[in-house]
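Shared between the two complexes below is subunit A, which has subunit B as its partner in the first and subunit C in the second.
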Partner chain A sequence: MLCILVGFCLQEAFVSRTTSTAIPRSTVATMAATRRNVLRGIGLSGLAVGGASLLAACGGDSGPATGSGATVKFGINEAEGSGPAYDRLKAIAAAYGKESDTEVKLNAVDHNTFQESINTYLQGTPDDVFTWFAGFRMAQFAEAGLISDVSDQWPIDGLNDSFKQAATAPDGKQYFVPVSYYPWALFYRKSIFEKNGWAPPESNNDFMELMKDMQGKGITPIAFGDKDGWPAMGTFDILNMRLNGFDYHMSLMAGEEKWDSDEVKGVFETWRTLLPYHQADPLGRTWQEAATSMGKGESGMYLLGTFVVDAIADQADDIDFFTFPELDSAIGADALDAPIDGFCVASAGKNQEAGKAMAKWLGSAAAADAGNAGADAPFIAANEGASTSSYNDLQKKSAEVVGAAANIAQFMDRDTNADFANTVMIPSIQAFLKDPDDIDGVTASIQEQAASIFG
Partner chain B sequence: MSGIDSVLVATVPPLGDKQAPPKRKEGGVLSKRRGALVTVIIALLALAWLFPLLWALINSFREYEYTQANGYLSFGGWTTSNYEQAWTQGNFGLHMKNSLLITVPAVVLTLWLSSMVAFVLARFSYRFNLALLGVFLAANLLPPQALLIPVFRMFREIPLPYFMSDSGSMLNSFWALILVNTAFQMGFCTFVLSNYMKTLPYEIYESAELDGASVWRQYWQLTMPLVRPALAALATLQVTWVYNEFFWATVLIQQGDKLPVTSALNNLRGQFFTDTNLVAAGSIIVALPVLVVFFALQKQFVSGLTLGSTKG
Partner chain C sequence: MTHIDEAPQSTEPEKAVAPNQGRAKKLPTRDRATVITMVAIPLVLVLLLVWLPAMLSVVLSFGKWNGFGDLGTIEWVGVQNYKDIFTIYPAFWPAVKHNLIWLTFLFLLPTILGMLLAVVLDREMKGSRLYQTAFYMPVVLSLALIGFIWQLFYSRDQGLINQVFNSEVDWYGDPDINLWAVLVATAWRHTGYIMLIYLAGLKGVDASLREAAAVDGASEVKTFFHVIFPVMRPINMVVIVIVVIESLRAFDLVWVINKGRNGLEVIGALVAQNVIGEATRYGFGSALAVIMMLISSIFITIYLRTVFREERNR
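Here is the complex of A and B:
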């Protein structure tokens, strides 16, 4: 017993020393060790069961790498039975299995768990291909060597340059294959706008007048809830893009601009002038409750992603949207948040070749069509060649609006360091919403923390 | 435990006793007035503890649409569909089985190993006895979060044959969870069991020795039957703890269909949308097995834990 204990302690001391080194180096080192250990494991187990033939029957490494009889593991961030998103991915996996004569092993983990444990997942025993997001968070893993370069699979038919851009890490290579996206915009109920004779605003003046008119009629102009911390990021994103432009927004997200600058303060100041038109006390309200208030007609508009209809399914047919109006004519209104979902190939996946081949196919129009045919609700396909016949009005319009946008951001928590977004920006924005007058204090504290995270 | 017992005894009014009850000294530890005060405080605390649970229980029987439209303070929208949906959507059948496959071996292994350690610590006096008990207790004080990275990396480096684990390593296998839970629970179990074993009269062992019983026999046939109440109490606690364990399962298991039921509760949450009533129903389902075990073994639990506490 004692010697086992000592052994444990020694090993722990050794292992923890290796963890203190920078992630990329240790990851590369331990990945090599993993491969060796797998071989050693095969040797050991051979001894244990007395023959390698038995192993070949149950081992995952047997068979050809690609094509007929190959196996590829596919990790997806939707739990089994969780709805259309799972159904689509399952249909896509099945279609690929059929078409390439590959066995696709599905590993379904619920969205939040998958996202929260992504670091241990990629450094542990990941699947060959897995669902992920475009943007900074893809680039972070590319730099750490945790996901594989798939630039040899690009270009992919039907994926235009803006998607290729979104799939590219700072080293100029592609590490990602996009499949779908959804826009963030101001949603409203058509019937309520009709009844009151309102129209989507064309300019900032229209917008202000619309909001004043709403207030006059006893309707809160903009629904707002930030209990979970992330929804208000969308407001910051769009105000920053409208006031300071897309390029500034992206370099701010990348940690290249100062958060206590006049530009950022300007965003918070504009936000403060808009707050009286928002629902009061947003920190005690979830986005679902805010959406409900719009569904009931208590609020006029709601700045959110298209998923807003999930919370007010009864009124889904009555929902329409417009993009946030221009605030500065020199900047215009041609940028918006439209997070792109897609796939990456894990470096530690066992079947790289099959993973990359599958990733390429996942970006095709056939993959998008298979997904949309297999579920009740379609996604908006990234591939131009995908069929749009199953789209509802909201999605047709989304595709149009995003297609017309000159620049597409991915949403704050995907465009910047995940630690920064979650541990700095969520509490900071909430502090601002609690006390909108202390802009200097909030921006100074963000800058201080940003400096320590981005270095 | 004993404190609460005496409070309960003190607050029960004497029932129709003709003889004058022994007069309590005014200003004693628990005078009548203080006893009443304690009762009120305890009742309030109990309410504060129970309220969220009862609230979840009530809302798990209500439709999401109804509560969303009328607020949670309303009354109505009763349904049992949340439970059916939670069971199917959360795939609880599979995950309950996973939990069973993890909990039962882990509890059996923990009790078996720690009873052996405790036996040695209680019955033999070696020089390192106290130090060893200290090591076990110290390990118990370490927060598991602090050991996350070492354990994760260690398990990644330990190869397992493919028929034991699809991943070829300890990661993604039940073995990992069983081992980790056993390791983290052993400290507490050893402590409780060794203290309990120390209360067994030494003379039994002397006569056993005279009759020629080996150390193994002293352990298996003499000590184990005598510590059965403590084992039952610990088993109850351990089943609860290991079953409720969430942290290691999320870290060490990356395959959705291998998650235990506590982690699988997350399956009921969507990417953006969360039906809180559905999650409440799921939580109740997940909590049920623990409640059943706890109430079924409650008697053992209380007597087992207090038996060792008063050394007479």
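Here is the complex of A and C:
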């Protein structure tokens, strides 16, 4: 309790000194516009301090642990009225309540507030089940004992091995139940490709030819914006997975490899050769602006998550994608970034049994179907048994591509220590983009700081 | 803000308590209780809300802690955080530099411009109220909102400036330019702020002083520099303090623009990057905050010394 109090004081001290504003991250993918983001941030900055108490809002009643008449508390990272994401979670909660005759108490918190107060939340009086992400951040909570082992609920019908792997912490047990995901790939406009007689490249040679042809026709091959710092992580991820392989990528993320190694330098060197094909001056451009340039046909392709369509909704039907081509035949091209969203059971939750039972159900096809039936826009369900009838073409293809991938990474800011990703990698990648010739300097600086953080 | 926090520490214990005892005989018990309560409550609040967290930050700055588990899980690393900040944290020295540029710029341009505007507007010209309102308007807006408004001008691909001049300047993205772009946006607000404070001060200057100067045949400019400006000393002091504080707490604008990275590093934003949000380097962030506190204290000390010296001379 004391630690929470101190944490509070600290947070309060910093907030009052600095006026906290919400942080947009890759995980806020569904937010359509920066403006909305900013306004939302302003409105919520005042709430930041009270956020944790909001999160912890709960009663102390007790009934039967599971089954009819039981109560389970469900914390979700979407505020009421925030769009389809909230509607889906609400519909899922309602469906579970009906199905199991359990009373599901929904605790809806704004996305950024939820993420920023997650530490105090989990160490205070958290809900039994809460929304979270696969990857290092899940593993970190598992190691700290803040989330419960749900391996007794696995295997879950319809969730294949790659999802099980993504739900597994380094101790070999599962602490997570996936519900949905979205892939990162190279997006393009079908009509523009058709008009110019272009086709998705099969090999790196095709890819280079395609980009040269685009440049010849006065089109910037790859749209690029990194003002917010995280979008360029996607480029690093995919280049590292193509050049050094998935296993190397994951151990690099876990802090087990050196950042000033030849492998990492190789990634930056390849990136440097590709930079002339990217939009210039990425550091002043948001991903929405970069997406707009692809939407207008000024850029040919854009490496981003499927949320790219949020920024160019008018052309949504004209958008297609392909995965990044193979760069090294020994490595192949069967790995990609596809961040998975899902649920964890909080160790400090009052009703462990009910929480675990609910978590298992949340991974089922029924849960995904209930969610997609209850909202305008569907998510791509992790469960292969889920109905795909409400999917648009992009989502159908996403499901296919991710299903075919041998390895799925979660995106750099979910795969590695959050401290490292936010305070070291974002500025370092930006430093590289500012001065692409100083690869030795950038990698040396990353390694020094990595050594200090990973210890 | 901070100078208020520090003032009670040095004055209240001696000044408020000592005369209290001396006057105790004259004051009825009830009044005495009132006085003690009025002093004690703010004192306790200041200690509890300002000094305790500040001291805890200092303590935390010697540790490494990600906020998981209780206080026992803090790994005490001595001055490692400070060493890292000074040697391997690439953002720190640029941040110090940017804060200093911020300070100098605010003094040289918006502050002087604001004073000038105040002097001009004080002359009761036609439409003076309209100008006053127009210049003051930006002050009402939060800096976060100002960051957004200026984004509409500065955006590289869709911004007004590049559209009108047909240029391709990356105003917010180019690290050599963006600090100045942000300073212009800050100045837009700061000028009005200083103008209003100064205008209020000018209205308070005794009109007979001007008349006397006019009778003696002093020109307008001479009157201002030799008569009005010295009389305005208390206001000038307030202006200086405001400028210093504003530039030290420079944060909101850069945070809205790019979270204080890529050419917009300022110390306040670095603290936030490390402790607010998903990164939870409490020790490292606290060390940065302590450094910021130390820098502020230098200015606060200078200010307080000047103020007290003045009081003594009176």
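The rule is simple: the second predicted complex is superposed on the first by the 396 of 455 C-alpha atoms of A that agree within 3 Å, B and C clash if a C-alpha of one lies under 4 Å from a C-alpha of the other, contacts with A are read in each partner's own complex, and residues count from 1 in each chain.
Definition applied: a contact is a pair of C-beta atoms (placed from the backbone, for glycine too) under 8 Å apart; a residue touches a chain by one contact, two chains touch by 3 or more.
None of these values were measured; they are calculated from a predicted model.
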Partner chain(s) touched by A:419 [first = subunit B, second = subunit C, both, neither]: second
First, second, both or neither for A:352, with subunit B first and subunit C second: neither
Which of subunit B and subunit C A:79 touches, first, second, both or neither: first
Contacts of A:204 with subunit B and subunit C, given as first, second, both or neither: neither
First, second, both or neither for A:270, with subunit B first and subunit C second: neither
Touched partner set for A:390, first subunit B, second subunit C, both or neither: neither
Which of subunit B and subunit C A:287 touches, first, second, both or neither: first
First (subunit B), second (subunit C), both or neither touched by A:116: both
Subunit B versus subunit C as contact partner of A:307, first or second or both or neither: first
Contacts on subunit A seen with subunit B and repeated with subunit C across the two complexes: 2, 11-12, 15, 18-19, 34, 38, 41-42, 45, 48, 116, 120, 123, 289, 292
Subunit A residues touching subunit B - in the complex, by the definition given at the top: 1-2, 5, 11-12, 15-16, 18-19, 30, 33-34, 37-38, 40-42, 44-45, 48-49, 54-55, 58-60, 75, 77-83, 85, 107-113, 116-117, 120-121, 123-126, 287-289, 292, 296, 305, 307, 310-311, 314
Complex contacts: residues of subunit A adjacent to subunit C: 2-3, 6-7, 9-15, 17-21, 23, 25, 34-35, 38-39, 41-42, 45, 48, 115-116, 118-120, 123, 137, 140, 144, 146, 227-229, 281-285, 289, 292-293, 413, 418-419, 421-423, 426-428, 430-431, 434, 445, 448-449, 452-453, 455
Subunit A partner contacts - residues on subunit B that touch it in the complex: 65, 68-69, 88-91, 117, 128, 132, 135, 147, 149-154, 156-164, 166-169, 171-172, 250-251, 254-257, 259, 263-264, 266-267, 269-274
Partner subunit A, residues of subunit C touching it in the complex: 52-54, 56-57, 60, 64, 66-71, 80, 84, 88-91, 142, 144-145, 147-148, 151, 154-158, 168, 170-175, 178, 249, 251-252, 255-256, 258-259, 261-262, 268-269, 271-282, 284-286, 289
